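The first chain written gets the first letter, and so on, giving A, B, C, D, E and F; residue counts start at 1 in each chain.
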Amino acid sequence: MPIVELHLLEGYDKIQKQRLSVALTSAVRFVVPAAPDLVTVLIHETPAQDYYRGGVPRKPAPARADPEQTVRSFLDEMAVRALEKAQARLAPGFVMNFPGAKPMHALQELIEWAAPRYRFVTKTYEGFDALQGAGDAAIVYCRGTLSGEWPDGTPFGDIRFIDRFEIVDDLITRQDVWNDIAETKAQA
Amino acid sequence: MPIVELHLLEGYDKIQKQRLSVALTSAVRFVVPAAPDLVTVLIHETPAQDYYRGGVPRKPAPARADPEQTVRSFLDEMAVRALEKAQARLAPGFVMNFPGAKPMHALQELIEWAAPRYRFVTKTYEGFDALQGAGDAAIVYCRGTLSGEWPDGTPFGDIRFIDRFEIVDDLITRQDVWNDIAETKAQA
Amino acid sequence: MPIVELHLLEGYDKIQKQRLSVALTSAVRFVVPAAPDLVTVLIHETPAQDYYRGGVPRKPAPARADPEQTVRSFLDEMAVRALEKAQARLAPGFVMNFPGAKPMHALQELIEWAAPRYRFVTKTYEGFDALQGAGDAAIVYCRGTLSGEWPDGTPFGDIRFIDRFEIVDDLITRQDVWNDIAETKAQA
Amino acid sequence: MPIVELHLLEGYDKIQKQRLSVALTSAVRFVVPAAPDLVTVLIHETPAQDYYRGGVPRKPAPARADPEQTVRSFLDEMAVRALEKAQARLAPGFVMNFPGAKPMHALQELIEWAAPRYRFVTKTYEGFDALQGAGDAAIVYCRGTLSGEWPDGTPFGDIRFIDRFEIVDDLITRQDVWNDIAETKAQA
Amino acid sequence: MPIVELHLLEGYDKIQKQRLSVALTSAVRFVVPAAPDLVTVLIHETPAQDYYRGGVPRKPAPARADPEQTVRSFLDEMAVRALEKAQARLAPGFVMNFPGAKPMHALQELIEWAAPRYRFVTKTYEGFDALQGAGDAAIVYCRGTLSGEWPDGTPFGDIRFIDRFEIVDDLITRQDVWNDIAETKAQA
Amino acid sequence: MPIVELHLLEGYDKIQKQRLSVALTSAVRFVVPAAPDLVTVLIHETPAQDYYRGGVPRKPAPARADPEQTVRSFLDEMAVRALEKAQARLAPGFVMNFPGAKPMHALQELIEWAAPRYRFVTKTYEGFDALQGAGDAAIVYCRGTLSGEWPDGTPFGDIRFIDRFEIVDDLITRQDVWNDIAETKAQA
């Protein structure tokens, strides 16, 4: 105990079902202090011809992409300046909020804004947290440290950061960024 | 569809079951793009005398406190300097990471660290995100804006912040804080 | 086999559940040629606090009245001219179709129409059939024989009839009547 | 809610399962005033090797033919005088009751009886109602209007009729017919 | 896994349900090599008004007495010569088969048969095995050692024995006894 | 009722599932006095990718061999002196207890012990009882009669015997034997 039985329309693959099992296990453990091993998840896939609402069969909706994976890919693409690929992950109306910056909507805008601030920056990840929000957006948090070079070539490192992403229909709609860059500069 | 059936040992109250239903609904929607209304959760409570492993009946574990509520209470208590109550929510080994500060372990330490930085600060919440982590800790994020007065009495406001909390066995084990205070000062 | 498990919100009484079991058993036997004894129905009542859609608990809707019983009561009341009671069972917009008559909407209209046709008439029931239609209406059929006296006092009997009723929200919206009165007169 | 789970031995096809889902949905709605869309039917097919009574596996019984379809085919065949095909749908002991006629047992008998009554008659269907009776018979009602020509060639139309059929083991055992032919003649 | 869900009519007590859980756990482990702790048993008690076969509710049958307990009580009563109580546990037609004896039907018969063989005998139990047979009888095995005194007062001990009992409708129908008494005497 | 639903990881064959159904049916009937035909067993096989504990999929364990069959084969092999095959069915540490003999560990030991006791012996089986014990061992009982020849060539027959076997991990760990040989000799 606890045992979770999930009835799904047939059509989800092994990885999607594993993601479901992990999310359901966490959902239970969020309230019930059971060791993970004691949380059983059973997935029952129902062929479309065996499921009816109002006597009418229904089609399964394709699974969402893994939002954490979407964010990881986006960050990787930004790291190597694969801007076109990164851009393809953004929803119309996408907005980025960086420390001390006005809301930005285009990746090029971000690159221009960053140019006078550091020559380059690299993210080292400490952890990701991902969850479905109450509304349509999935939320992905990513935190760790930044290292790179200031405009004058001085190296920096170990600067804490956290990013928060909202993903709707597999596209990133919003990115909020916090970090200790200003604090570090102030202390320097 | 999807339908989640959760088998639980009897002994959870209405609020705990609602929390479970919300967490399970989000878990499903994290992978399956179903409108919330189409995600059904059925909770089956099993009396202790009807559940056995190895032929031996088992006792239900008391539900965890709502970690988001724990964090809200902690933040409220800190806001009104109810330090004793706030302290009671911290686990042994508790650690706080604030921008530019060394890891702190005691609330008094934080108060002393903050004293030269601002006269007071008030948090306006924009949102909370809470989830069970893969390990034992539940994670609570809280974000919004800070307002208050600098040491010289000048008011400030609208400074973005985000806090990340880890909660184990209903006690806060860790708080990480990011904000735009240094950025704001630098721009001032 | 077959086994029907019905999950219902708690709040239906013994008679309503028996009606469900009979209707579900017939539904299965309509397609699967199982002897009645081999059709098992298990009703699982779920307390309101254990059922959620979109993380929101739901209330059970009160059961419908038994439409066959509604029709039987209506027919009994008509038989003893308890017109007020009978009238209370009719929906606004109620319509009656009798052989050779224009659609009628009021019970008084029917009584006036019948006056020159027979002194009185009594129904002997051979059987009722009741089912839920595809739309909102439940359908009740009632068949048997009529006996009574013609306007001149001559008795008649054994005249076949069938009535078809539609019931929506426990009120009768339509009555269609067929019988062999004209045939009988023609043969006389 | 309500949710119907039907456990069946494997071996029913898509159309038979759809018929089951429609019948079960109606059965629930006969008692519980749920919108059709809120009635979920889940069919669980059990392979023969996974179902046992008394430790002995069982074989699924082939599904019944759709009794409404049986009646529609019978009526179509009668309409085009495909008497042999129509006859094949009748059980031994079949009986027909027409207005003012003695019980008839053979289709030829009906044709002879009808000959002096009308040159031909065509049915326009307004609706069918079909259900499983409490016993072995499925019941099918068919209602609508008759049009055709009287023996003297005068056309008629819009004469209400209703037929009631009993079907056992996919064969029609009884047909009861009511209509307004005599009423119409009397008014003419 | 494995998980056993047992649907029962309401009306079994805690001890009867525990017995069921132990028997079901053993049944699974008889085929599947799962550690006992990994075999989950969930008992779902169905109120009589929620269970129907053929649309008719059914009554639960009272649980059988624990056949092992019946045998233990019988053996205890025989040990203290509470013959009336012991007799009450025997079915009409009860038969006993002892080494070298003709089938006996009455306890008194046994006592007379034993008289010249030993002054008294005491059973020390090594173990019981109990199971439901394929037919109506439950089977209980009891094995261990006998000690006592020969007719001449010489003590004996450590003589192996095994008893096999059949129990139908809570009454013992048959007892088969094997032991090493003759072997021991032969070796003496 | 009762209905047993067994959830198993996919991977058991028809015969193993039948054995499970028989064992589960007997387990229920051990407590609930239901006729075998009224005990329904439904086996739900879960593909490995649909079952998780702690969010981790699990593998099914191969089924145990049928312990009764193991014992029958062992006895058959002993009967025809296929000692190598019989030996392969014994666990390290195997022990045999025969009437009046010290515990023996090797089949050869048994043969030598028996040599002076009878020329040969044949078992006629009256019945087997098999069950899973509370620990790891399955228990198999076998009873019936012995016939054969004494060392001097005199035939004997109809001597009752019972054997009790313990089987762990498909290997026999223990055999206990009781019979009336000594009693028969004593009476001779």
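Everything below uses one rule, namely that a contact is a pair of C-beta atoms (placed from the backbone, for glycine too) under 8 Å apart; a residue touches a chain by one contact, two chains touch by 3 or more.
Chain-to-protein mapping (UniProt): A, B, C, D, E, F = Phenylpyruvate tautomerase PptA, 4-oxalocrotonate tautomerase family.
Source: prediction; values computed, not measured.
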Farthest chain (mean CA position) relative to chain B: D
Same vs different contact residues, chain A with chain D, by half of numbers used: different
Remotest chain, chain A as reference, centres from CA atoms: E
CA centroid of chain C to CA centroid of chain D, Å: 19
For chain D paired with chain E, centre-to-centre distance based on mean C-alpha positions, whole Å: 58
Residue list for chain F, restricted to those that touch at least two other chains: 1, 3, 7, 22, 26, 40, 42, 46, 51, 53
Every chain pair in contact, whichever chains are involved: A-B, A-D, A-E, A-F, B-C, B-D, B-E, C-D, C-E, C-F, D-F, E-F
In the complex with chain F, residue positions of chain D that touch it: 7, 46, 49-55, 57
Chain E residues touching chain F - in the complex, by the definition given at the top: 1-9, 12, 16, 19-20, 22-24, 26-34, 46, 51, 53, 58, 60-64, 67, 97, 99-100, 129-134, 138-139, 141, 143, 160-162, 164, 169, 176, 178-187
In the complex, chain E residues that touch chain B: 14, 17-18, 21-22, 25-26, 35-45
Partner chain E, residues of chain A touching it in the complex: 1, 3, 40, 42
